[in-house]
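As written, the chains take the letters A, B, C, D, E and F, and residue 1 is the first residue of each chain.
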Amino acid sequence: MAVSQKKAKEPAQKPGKRPDGPTIAHPQADAGDDTDITALGLKPAQLSPEMNAYFKKCEEKLGFVPNVLAAYAFDNAKLEAFVAMYNDLMLAPCGLSKLEREMIAVAVSSQNRCYYCLTAHGAAVRSLSGDPVLGELMAMNYRAARLSKRQRAMLDFAVKLTAQPWEIEEEDRERLRRVGFTDRDIWDISAVAGFFNMSNRVASATDMRPNPVYHRQAR
Amino acid sequence: MAVSQKKAKEPAQKPGKRPDGPTIAHPQADAGDDTDITALGLKPAQLSPEMNAYFKKCEEKLGFVPNVLAAYAFDNAKLEAFVAMYNDLMLAPCGLSKLEREMIAVAVSSQNRCYYCLTAHGAAVRSLSGDPVLGELMAMNYRAARLSKRQRAMLDFAVKLTAQPWEIEEEDRERLRRVGFTDRDIWDISAVAGFFNMSNRVASATDMRPNPVYHRQAR
Amino acid sequence: MAVSQKKAKEPAQKPGKRPDGPTIAHPQADAGDDTDITALGLKPAQLSPEMNAYFKKCEEKLGFVPNVLAAYAFDNAKLEAFVAMYNDLMLAPCGLSKLEREMIAVAVSSQNRCYYCLTAHGAAVRSLSGDPVLGELMAMNYRAARLSKRQRAMLDFAVKLTAQPWEIEEEDRERLRRVGFTDRDIWDISAVAGFFNMSNRVASATDMRPNPVYHRQAR
Amino acid sequence: MAVSQKKAKEPAQKPGKRPDGPTIAHPQADAGDDTDITALGLKPAQLSPEMNAYFKKCEEKLGFVPNVLAAYAFDNAKLEAFVAMYNDLMLAPCGLSKLEREMIAVAVSSQNRCYYCLTAHGAAVRSLSGDPVLGELMAMNYRAARLSKRQRAMLDFAVKLTAQPWEIEEEDRERLRRVGFTDRDIWDISAVAGFFNMSNRVASATDMRPNPVYHRQAR
Amino acid sequence: MAVSQKKAKEPAQKPGKRPDGPTIAHPQADAGDDTDITALGLKPAQLSPEMNAYFKKCEEKLGFVPNVLAAYAFDNAKLEAFVAMYNDLMLAPCGLSKLEREMIAVAVSSQNRCYYCLTAHGAAVRSLSGDPVLGELMAMNYRAARLSKRQRAMLDFAVKLTAQPWEIEEEDRERLRRVGFTDRDIWDISAVAGFFNMSNRVASATDMRPNPVYHRQAR
Amino acid sequence: MAVSQKKAKEPAQKPGKRPDGPTIAHPQADAGDDTDITALGLKPAQLSPEMNAYFKKCEEKLGFVPNVLAAYAFDNAKLEAFVAMYNDLMLAPCGLSKLEREMIAVAVSSQNRCYYCLTAHGAAVRSLSGDPVLGELMAMNYRAARLSKRQRAMLDFAVKLTAQPWEIEEEDRERLRRVGFTDRDIWDISAVAGFFNMSNRVASATDMRPNPVYHRQAR
């Protein structure tokens, strides 16, 4: 069962045969990955039917369950709360495109040097943009990218909010409005940047490892 | 209606008479507060029955709706996701006491110099501990507090995770285990610290203002 | 005797009966405080008549001797020099109001995260302004306060001078002149900010503890 | 008259002939210096007989009045308070040698990159030690100096107190005790470091210029 | 001729037909790259036979001339000095493997967030190690990599030397010796880290763009 | 023999009589210096005739071999590469005067607090400018110097490139162009700043000690 975090410490199991947990077929798309998902020894919980269905959907659409979900799967309530917030922020209709939201995710994760999120969301930027170099630029130094004024202002705000949140003031919000963002957009930029400041820290605190498959995606 | 964020920009309304929004009786316990809840002009959304009930419960138990909830109330889905994650983290059964979780909230918010969270959660530390000075110490410099080794290690981890998340390693987790925290506790410390790194940034990005009532609580 | 710094290491004494030191009646207004004033084991010195009179005046006017004075009282010359400089800076006629000087004190102490000064001078801002929230704002993040341009420029200068003194240049002084400060005012802003950069460090270096009474003042 | 701060803005005066100010013969030992003492246009005050005598003593012993004193001379009370505190800290009997106190002054001023204090107190370290290189090392990077364990611990404490005062704890004080410092010495190290954190900022805030003569002293 | 830095500002040329410069066939392996090599408008110099031969060798072995060489090619002496130092450091026999030297290059470039060097040397780590993930780890956060004690100590030294060179002391060198490095190895670690602190800054200062081909190498 | 780095660990040798190394007469102009040149125990290499000639020329022109050259002399190829790059950058014809290049060297070394380079290149600024105070200003805080707009912009760029290379953008280059620098000058400013970011780190990593003679030069 992929959702166990410290595999090495657990007895070997054959895929699909774990008796006391949810039955999720092959969540480990990355069979070559023999590291644990996190440094914490947390046992997978019995997942709700909704979460089991969600994991299955991940496998069907992505070919694997993202390790961050497997990591949260030690507690169904936490997993549900994380999934609800994540999906609303990153996938719901919004004045920011999905690519823009992923660009924020990566620029924030670069500021925080988060291995998990840089890997997983760097792949998302490459996929959504069809531009592998853009993903690298977001991960390495967004200031080196040739961006529209809108996207540059968006990332400047997100990265300042990450590094010196106490210095954000009306002037910073005005800068976003001047390039066309609405107040609702400002909320969304802030919420996405805020969310990855959370996720980066949960990932770093637990030494969360990305699914190896991300590394090869959309290069 | 308290959930409107920029009151000044909206036509004056008599409490309880707003026709196009949800009916929430008197969420503004702090009548003396004439500032907006945030700097963003976002209109309150039609809330779900669950969220309306939740706001009512806040008023009954606390005497007011915390402004962070009013701020999120421009979008019911976002409000629900926030409430679900918040309540799971801060109120669900856990190896950390509610006070300890609030201590993390305030120490993290102090690192990020977040006015909203220092005010609201500083009050919570004072209330839960019955020790007004402890709230001040968490907000000013947790290192000056006389803490148990357990609580000191917990806050050292949370504040390092806030300031230099990229430098957290196994040694830091081991330090928590040595003072008695389980791997599940380490997750919870990380998740609470992570959550306030998100909330601090949403609050700072939007200039969220705390309900004035917090300032006088449990002094 | 209040001026002893590490009470715990000294033999118990009945108030007013200490034979080998100066006789100061009840300087410990905060009887409930069983912590030492500092972490250093320094014996109170024989104070000069002027300093004894000054301590008495403190008790009469404030109801207690501020612990910073008790901390300096191990050496009469140091106490006198501190009192002379402090009183000139904070109480003498000046282009800055007493409240403005205290606002600088707290904003600087917030930058330096000094528990003693945030507590004692936060109380002073609350008292002098009659605005408890202003004290909290100065201690938490002065940028979140709604200030006049004059006061905002004053605090921006004081906090930059605290954090990056090497980057203060004519342009910074010009910014103060543009909002109406004279060159004499610029000296005073600098001198008050400088003084608390000293006091913050003496307090932090010695683990100086504020009189508990401050916490409840002017809430 | 040396005590005027912005000479350029004032009418030219012949030394010793200034009618409306104190009569101080030739405080400008550095005749070649045509810059102002500070960037502030503050007129010299009528000095008290004690301060006039003190300035004369400076000229007799040093050959000049240090510019910091000339800078404070716009206000006799401020000058007296500064002189009293300075002389007590740097010249009174103390567990630290005068050289050690000057070493702290320079190491702190290096951290704060203060041109005035590095120049004036760098000269003092060279003079007191008879070791010109020691002065350079204190100004450039005290960590590169070959110091006794005692002096290294002293400077480590002073520089940490300068850069991160909020992180000073009992462990730091214990480190000083272990190399032989008494609690009184810890106070003095802290007070000297604190004092230069003040002076550095007053000097930087006012663009105070050192007497040129310092540059050539004790090379 | 590939060595022109701001192509856009120069008249279009057919490859191999540039009359006034050295004849280098097709140095632009990355034909799809329509950006300039740097932000500076510097004309390619007449290269020495040795440098022309070296560029040809690059094309034969790599399939392209690395843009950093094209950038330096505005001045033959500077190009020769750069090539000599680079080749000695990165390719000459040494106690560090070529992979280890490239690991230092990338970890240093990550600290400095240098887009050019992260791209070019990230590719080198992937190629030399045959481990694409190792390249990502070096670029994102070397602390997340599972390294031998030797390599971890090597990178800790290189990154500390990058971020706080003034804090490197004998203790840091001892840490390298304890994991088996000789004094000559310490020189080499320092020299490679130093070199990339130079190159990162030349690249960032001139907005140097990596050859696009690097992005796809050894994934 | 001056090129040995850790003299103390090597058998005593009479000057000029070292059998297994190059014969360099008296490279130690500073006979009073009994410290090692670096903290590394590296034996001097057999130098090429060109390097031997270069060392002799140093002695003739300067009266001594700069310790940085002696430090590199453990390996002839590294010494040659260093000398070639150094001489091209600092001595070749260039839009920046030799003094300006040395000013960059010292301002960068001040940012990095490098004892070796501050000492050696501080002396160069004093010598080339004939203004001892300018050397001190560059070493202590270049912002306190009265500079032309050109030189101030040059040093602002060099120091920003040193401290936050990832934040250098077109706007920074434009600032240089506006005060008259050509694109070639921008390269040179960057290359000199970059070079000292390398040298500072090699010197700090190896505890390189400057020839004592520098301290007294051009005071």
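Assume a residue touches a chain if its C-beta (ideal position, glycine included) is under 8 Å from a C-beta of that chain, and two chains touch if they have at least 3 such contacts.
Remember, it's a predicted structure, so these values are computed and weren't measured experimentally.
Steps from chain C to chain E, minimised over paths through touching chains, total 2.
Listed by label, the chains touching chain A and chain B alike are C, E. Across the assembly, the mean Cα position most removed from that of chain F is the one of B. The chain with its CA mean position farthest from that of chain D is A. The interface formed by A-B recurs in C-D: of the pairs listed in B-E, B-D or C-D, only this one shares over half of its residue-numbered contact pairs with it.
More C-beta pairs in contact connect the chains of B-C than those of the other pair, out of B-E and B-C. Taking each chain's centre as the mean of its C-alpha atoms, chain B lies 54 Å from chain F. Taking each chain's centre as the average of its CA atoms, chain A and chain E sit 31 Å apart.
Rounded to a whole number, the gap between the C-alpha centres of chain A and chain C is 47 angstrom. Within chain F, residues 113-114, 141, 166, 169, 207 each touch two or more of the remaining chains. Chain contacts here follow an irregular pattern that is not a line, a ring, a star or a complete set.
Contacting chain pairs (ordered by label): A-B, A-C, A-E, A-F, B-C, B-D, B-E, C-D, C-F, D-E, D-F, E-F.
Residues 166-167, 169 of chain B touch chain E in their complex. The touching residues of chain E, counted against chain F in their complex, run 39-42, 74, 77-78, 80-82, 84-85, 88, 92, 112-114, 157, 161-162, 165-166, 168-170, 173, 183-184, 186-187, 189-191, 193-195, 197-202, 204-207. The part of chain B that touches chain C in the complex is made up of residues 35, 110, 113-115, 118-119, 132-133, 136-137, 139-141, 144, 146, 207, 212, 215-216, 219.
On chain C, the positions that touch chain A within their shared complex are 141, 143.
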